[in-house]
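In what follows, a structure is listed as structure tokens, so that the remarks can point back to it.
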Amino acid sequence: MTLHLINKTPSESSALRDSLSAVSNGDALLLIENGVYAAMPAYAELFTRLPGSVQCYLLEDDAIARGLKDLNQDFRAIGYDGFVELSCRYGKVVSWF
Amino acid sequence: MSDTKKSFLIINRKAPYGSSAARDALDVALTISVFEQPLSLLFMDDAVLQLLPAHNAAAIGQKNLSANLSMLEMYDIDQLYVCQRALEQRGIRPDDIELNIILLDQSGIAALIKKQDQVLSF
Amino acid sequence: MIFSIVVTGAPYSSQASASALQFSRSVLKLGHTIHRVFFYADGVHSGSALAAPPQDEANIPSEWTALACEHDLDLVVCIAAAVRRGVLDENEARRYEKSGHNLSPDFTLSGLGQLVEAGILSDRVVTFGA
Amino acid sequence: MTLHLINKTPSESSALRDSLSAVSNGDALLLIENGVYAAMPAYAELFTRLPGSVQCYLLEDDAIARGLKDLNQDFRAIGYDGFVELSCRYGKVVSWF
Amino acid sequence: MSDTKKSFLIINRKAPYGSSAARDALDVALTISVFEQPLSLLFMDDAVLQLLPAHNAAAIGQKNLSANLSMLEMYDIDQLYVCQRALEQRGIRPDDIELNIILLDQSGIAALIKKQDQVLSF
Amino acid sequence: MIFSIVVTGAPYSSQASASALQFSRSVLKLGHTIHRVFFYADGVHSGSALAAPPQDEANIPSEWTALACEHDLDLVVCIAAAVRRGVLDENEARRYEKSGHNLSPDFTLSGLGQLVEAGILSDRVVTFGA
């Protein structure tokens, strides 16, 4: 299973769209850097076709830096330690940028 | 040179912190105002994310952009134009923004660009 | 007509500096003037004296140098963007107590005022972005 | 009147889309660098809502470099000299990237 | 180390020449093949534009990517996977491409990624 | 678990190098191993010895150096990407007859084989892209 790492907004690159088309059941998504903006409620529709088995995370440090709150509830906020733990738990990490 | 005036427009299109674009643009804006040239700023696309309140960029080892944005008002740069569609696409209400902004639709943006002497993009 | 050129992309990483160079050559060939070329953001790497691309590839920094010498161009590198990115002239290297410097001598470190002044004094400002 | 300079593909940035929403009657578009890919016929629909008074150009050097041919007929191919001439003819140049 | 084998996938997503990404990816691909590791290349999004024939990058002072792409076949890297939708969106027919490619739909791409040990992105 | 980290974005221009640094700190704190950090493309500027950001901003290259010294990290800068971009060690400066060098001594210039070897020997490769 794969951890998909996305660091761009939905507008600045097609990284998010491409990653969503490449997930398998049981994979996870982690939004970092500018990627965290994708967890704004206005972008929720992008994630509606994800299999329910795909867990969604965002890097809290990046969301705090950008003043983001009231984000999409489907995303769990984690710190860098959580990021490392996810990298261990999933078999590999694929970066989309 | 003091006799010459040119109107400048800075077009911002990038989100803050992920790249240096937002800060680069603000540094240019402050410099233009030091030169006392007519200046407008336009926020399109992801740049409207620069306008969200309560940044805390120390969390990622950077400096807050908000401080520089507030300086714009101190420097009498109060022509902050914002693309309405960019706000809507991101679910940001104009009330969420704590700066004095002027909302523009597509034809407003075209008209704003049309009347400038120089346009710098970031 | 008086042009100024702005470059915000680094050579090799982006095409911006190479395009700006080609554009500048045409500007001069057609009899116009270039008031200044201003290197900002990652564009500052265009001023590197240490870039050593393979011999069968273009050497963008040295092409800027050659064009500048031939036409007495004012190549200005934004000082704030440059020192952050490790592009220093001898003065700045001394100021920051660094062991060396790497700005090509045909480029000048200066402030953003040079960009704004170029905008005021030029008929056209053309930005090559990254 | 404005010359709009676009150097990104329709997929790698929203530069093209943003530029199209900002043109006025009598402006011109010039595609350079990766921007020239937008003149592939598959992207023709992006330009259908442009006012007829907007002239469209592409930088030939960049199209040749990328092996592009049979491009959208609404775009006229020009060289760097033509690029400079357009910059003079239009009152200012706005870059989208 | 000679006993260890890992399967590598390189995901290409960028157009050629506008940035160094396409060439950086090819250099890594050739190095992986020198190490004799199982290697696949996947072209998604704008990277399918790398596969168009008849580049002439000398026109912009660069070297043709095509030469390096052909080298892939010499190095026995013949697992070139291409996102079908990316081709369609750009109106490129598979016949336009002069390399041996395998077309993949969305589920094919997911399956390809799933079976790799390491994935490098460009 | 054995990690290797790949960085392809330049400090200040992109967040990639700063994120990779934070991630690396957590990897080490949690008791894992970092086999190598490989700087590729614009990531090579993370190895600059001349970067001089303002004092109230993070100095990413020197933070890498500090982390490397503390944990004996192998910081490898891709030699082909680096020399093209004007990032040289003493050897390369001599080879290309350049007046100076600017690679921080805690970084090593080496080939792409170091990236591939890291992929083979590491359980996880995490890329921070720009």
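A few comments on the model shown:
When the chains are written out, they are named A, B, C, D, E and F in that same order, and each has its own residue count from 1.
The rule is short, and it goes like this: contacts are C-beta pairs under 8 Å (C-beta built on N, C-alpha and C of every residue); 3 or more make two chains touch, one makes a residue touch a chain.
In this text the structure is predicted, and so the values were computed from the model without any measurement.
Note on connectivity: the fewest steps through touching chains from chain C to chain E is 1. Chain B and chain E have centres, each the mean of its CA atoms, that are 39 Å apart.
Averaged C-alpha coordinates put the centre of chain E at 25 Å from the centre of chain F. Taking the mean of the C-alpha atoms as each chain's centre, chain B and chain F sit 34 Å apart. Looking at chain C, one finds that residues 12-13, 15, 19, 22, 41, 57, 125, 127, 129 touch two or more other chains.
Of all residues in chain B, those touching 2 or more other chains are 17-18, 20, 45-46, 60, 62, 118-119, 121, listed in ascending order. In chain D, 7, 11-12, 14, 33-34, 61, 92-93, 95, 97 are the positions where the chain touches two or more neighbouring chains simultaneously.
A complete list of chain pairs in contact reads A-B, A-D, A-E, A-F, B-C, B-D, B-F, C-D, C-E, C-F, D-E, E-F. Only residues 5, 7, 32-34, 61, 79-81, 83-85, 87-88, 92-93, 95, 97 of chain A touch chain F when the two sit together in their complex.
Across the complex, chain C meets chain D through its residues 1, 3, 15-16, 19, 22-23, 25-27, 29-30, 32, 124-130. The part of chain F that touches chain C in the complex is made up of residues 10-13, 41-42, 45, 48-54, 57, 61, 83-88, 92-93, 96, 98-102. Touching chain F in their complex are the following residues of chain B: 17-20, 60-63.
Only residues 14-18, 45-46, 49, 52-60, 62, 66, 89-92 of chain B touch chain A when the two sit together in their complex.
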